[in-house]
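Structures are listed in the sections that come next.
Here come two complexes built around chain A, the first alongside chain B, the second alongside chain C.
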Partner chain A sequence: MNWIKSFTGRSHEELREALDSDHARTSQERFNRFIGGGWIFILLLALVAVFWVSRPEQFGSAYNLTMLAVNAAILLVLSVGQTFVIISAGIDLSLGAVLVFSSVVSAQTMLWLSGEPAGTFGTTAGGWGVVAAGLAAGLVSGAAWGMLNGLLIAVARIPALIVTLGSLGMALGMAQILTGGVDVRAVPDRLVTEVGTGTLFGMPILVVIAGSVAIIAAIVLHLTRFGLHVFAVGSNAEAARRSGIRLTLRVISIYALSGMLAGLAATMSIARFSTTTINGHAMDNLSTISAVVLGGTSLFGGVGSIVGTVIGVFIPIVLLNGFVILGIPPFWQTVAMGAVLILAVWVDQLKRRTRQGS
Partner chain B sequence: MSAVPLLEVQNVRRRFGHVQALDGVNFAVYPGEICALIGDNGAGKSTLIKILSGADRPDEGRILLEGREVSLDSPLSAQELGIATVYQDLALAPDLAASDNLFLGREITQSGVLGRLGFLNRREMRRRAAQQFARLGVNLRSPSVPVSALSGGQRQSVAIARAALWADKVIFMDEPTAALGVMQTGRVLDLIRHVRDQGIAVVLISHNMSQVIEIADRVEVLRLGRRVARIDRASATIEGLVAAMTSESALGESIK
Partner chain C sequence: MVNKRSLPVLAAIATVIGLAVATPGAAADKTVALVLGVKGSPFYQALACGAQARARELGLKLTVSAPDQFAADSQIPVVNGVAATRPAVAAVVPTDMQALVEPLRQLHGRGTQVITVDQTISDVSFVQTQVLTDNAAGGRMAADAMNTLLGGKGKVLTITQPPGSAAQDAREAGFKAELKKFPGISYLGPQYQSDDPQKAAEIVTSTLSAHPDLAAVFSTNDQGAIGAITGLRQAGATGKVKVVAYDAATAEVNAMKNGSIQALIAQNPKQEGEAAMEAAAALIAGKHLGKTTLTEIVTIKGSDKAAADKYEYRANCN
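Right after this comes the complex of A and B.
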């Protein structure tokens, strides 16, 4: 078998072939990496630069930058959960509705524990214990919806799109049943003033919470076994199953994590608006999906990052803010966002095609 | 070749509806050999491999590993006994690095508290992956390249290296070179020899008779759910193999 011997002996031809293909692949990979996550970061920097240069004293003011971060905080926490789900090749349409449900459960728990409204603005005098109980109630109810989603997807094998569309309706409906459709406005004063508008070393507490969630999520996703399994499930579920990964358990925990983060976002939302916002989260699912996809996470699963999602969350917020400051009718933000989203998915497709061609 | 087979199948039967896929089949693999399992379509090769890799269960018959009867209830229990399968559709996660794929499901974690929290020791995984690739003569630029960036032959090599890392007894390979070009086929066949030289038995399913003669130490032939011939490499010819697979007349002369 002469021709095989020549491989083990590393013929001149083989070495040249290896070198050539190596060279081709690294330059292609560099290109992939650039269009993979780099371009959207450059887009964000460009937006900030344009708005900053044209209205430095308004856009660049400390107040405006802080408000940008506060506006991003709640959406970021939701989008982090969505990132895990989408990397695992799933989708969670129920996030906004689960947020609403959890905020109702959380607010009612706090109201029940602290009694009737006492403050001037209809707030209650509940202490940190009451706030902690409310947070716990929000987290548990959010995680419960997530587990239900995960069970139906992994065990009953109903497509994630349908399951979470169904639980969207159920969670929203249940929230309206619990409240009779009227927002719970009596929430602990402490939660609103110290968490909702409070700061830590000059940083709004809500931003600190969202930032911590993003950092911890990035560590879990990229450095732990759980994170690797999330990628594996999204990349090739059958391979993951044959490798001995307990697929059902993983899928359930991914959706439970996403639901629990919606529960955390629910409490943050109460703190910020000092009321539940039953009718205020209809667009959350689409906002999170577009943020995640803008950030370079593939809708086909297996590829993605939290850093990308952070950038993806900021793009629509910076766009809206900049348009308002520049006096462009804010409706244009919706148009621009739609175009950017389509562009992002197109780039994702291109990236896949160039890689498959290699 | 030692007298006790590493893995032996005795009188296994498997029926799907009115199709008798395996009709009292016998089959044996010895340590450190490449055994080709051949047969025409419908001979029962795939069913036999499924049963031996734990993906399907026989209706009747015994499976012996090193002389002791075992039951292979699931792919996981087969893997725990040291039996792995390289599937035709590869079963790798294309977006993950080659090293991550090698250790998927059996990741190496950091020591101490971080390890208990599930933190991966990627450096160690990469180091051991590079070691495994070097031992088997698999040429990758780096173990951290995603599998999707590899050529078909390299992907097949990663899948085989993964199986060889976790199976210390038998590896089944279903048409491992079916989708590969001439050069890549050569490399994969070389890799299969390397795996055998590590002391692992390789069972190779192939329709390519010249390849079978080139690489197999021994050939077992199935026909209509039974073993109809066992042929040593020395006496194997393409005509002989084809005759054994397709005609009754070959039965008498080669079976003992």
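Right after this comes the complex of A and C.
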């Protein structure tokens, strides 16, 4: 799939043409690419089928299926950002810490606006205006961390792994400084009851938000110029630069997007847990990376899809849920999840190799 | 989408998972779920061991699960999975006093009776009973032990978690309150570490630079204690500066046997697990329980090796 390398030095128009011709391949191939090597989707269906058949009234209950979706929602929003970053051949380890930082900023903004003292416990009576301000604060602080990441990567030329590892520590540390290490425990009641546990036509609001984010992101990634540039930057940055893509700006905007989605996830997290979770989200970065890779996105950049990421997010969540329901001992769950990750990516590699060889 | 090569792999996965699936439990009214605070902690393993042994005796059908981290975002999916199985009783170690309220309320709403173990939550209106230890009392016991060790005078430092953990906050508060009874002891106040022995060691060595006459250290958990004795060893002050520590992890018990720790305030996780199962059995039998079920804490003096062995947190079930 590193076809774009052969276009080094061509003009922007030629690059676009090349991309368009790729889009016009057989429908079978397009479908393959769309779901990121459909094997993963089959695996997800197989898992669901096995758990469903063995415990139909428990795994298949409306309650459980709803809970699966709610548990996936926040991780999905983070993983969508990670998908853009990884397709552009980068990596973002700071996602979970940026989420924590943004949730602190967002919660403190809402607490301050609702006029309650800092140590308040429980819920406050803040209205929708307060919630909107909190959301905005979360989005802005998340985007700011993302822009800082992007600047350091694109301008200072520090490897993304190091930059985001550094900003992971900085964001987490700043969150602890802002709060003195104590979670902000008071958030608007409205945010918790109407967003955190509320539903729209029977769908949990958190799931509606995550679904909308995924759909919009898929459109942006696969159908807009920005999305095309993300693929181009990840396939061959030098080629992208020579064909007229403003590389620095693109890289900064990709990381800012990822940071902003972490800010959105932060507000969703406050709505869901009704508190900031400073000690949580430690593994979010690795969870999102494994979800993105399970979904068929290449860690080397240039290949990937949002649909694949959605499937990749659900696999570990369905596994954990199924294992808990079946009562499989906790340590075996850890082993099984690791094995499934490796197995899934390995089979996906086999699929790719046979496809490229044919 | 599935080519011939991937079919056998799929079939293999299906078979493996299929084999792992146990037959559904028979008596639905005897099912109990235990959700621990985190995987792989000797304390919670010991708690699970106590619960499993007692559940067998009481004829309960117990399943144990645990999250990867001691954090709400990691634990809630596990609690949701348990809720889907609709056990008669669920005993949960809540990892956050606020974030777990809603998931536990849902669990209750689906007809499961909820018990909290070891930790608690901010709204206990729907919780049948809370199996707890009295952490403030544990802090007071530590202060008393400290007073005996120091003969009533000297400078004392506390190493604890950053504020926010209710249990550890209560231990420090109890310790501080009881120390006021002993006018000869001057309290230097708490220093914070987050389950990080390295940090605890640094705190101890730098406090020794500032206060060379430091007489004793109180650690509110095992990680702080391990760090404190490392720091003292580094500074050549082992035994000169006394250490009183919460918990009875294997490392702490060993340190007490070789004289680096002078007293331990031990909880009894096995008993907590047993108490949780007894409460579950009582609830299934339709009995009513008090809002709290306290389990024991004991002071173990350095000379009492038998007690140290008895209370050591052991992860193996026997």
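Heads up, the rule we're going with is that the second predicted complex is superposed on the first by the 300 of 358 C-alpha atoms of A that agree within 3 Å, B and C clash if a C-alpha of one lies under 4 Å from a C-alpha of the other, contacts with A are read in each partner's own complex, and residues count from 1 in each chain.
Assume contacts are C-beta pairs under 8 Å (C-beta built on N, C-alpha and C of every residue); 3 or more make two chains touch, one makes a residue touch a chain.
Since the structure is predicted, the reported quantities are computational estimates derived from the model, not experimental observations.
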Partner chain in contact with A:E238 - chain B first, chain C second, else both or neither: first
First, second, both or neither for A:V303, with chain B first and chain C second: first
Greater residue coverage of chain A in the superposed arrangement, chain B or chain C: C
Contacts of A:L43 with chain B and chain C, given as first, second, both or neither: second
First (chain B), second (chain C), both or neither touched by A:G202: neither
Residues of chain A that touch chain C when the two form their complex: 32, 38-39, 41-43, 46-47, 50-51, 54-55, 58-59, 61, 63-64, 67, 70-71, 74, 121-122, 176, 180-183, 185, 192, 196-197, 269, 273-275, 277-284, 317, 320-331, 334, 343, 347, 350-351, 354
Interfacial residue positions of chain B with respect to chain A in the complex: 75-76, 79, 87, 90-96, 100-101, 104-107, 109, 117-120, 137, 139, 141, 148-149, 151, 183, 186-187, 189-190, 214
Residues on chain A engaged by chain B in the complex (per definition of touch): 1, 3-4, 7-8, 18, 21-22, 25, 29, 223-226, 228, 231-232, 234-236, 238-240, 242-245, 301-303, 355-356, 358
Chain A contact footprint on chain C (complex, rising order): 1-3, 5-6, 9-10, 13-14, 17-18, 20-22, 24, 36, 39-40, 63-66, 68-74, 76-78, 80-86, 96, 98-99, 101-102, 110, 122, 162-164, 192, 194
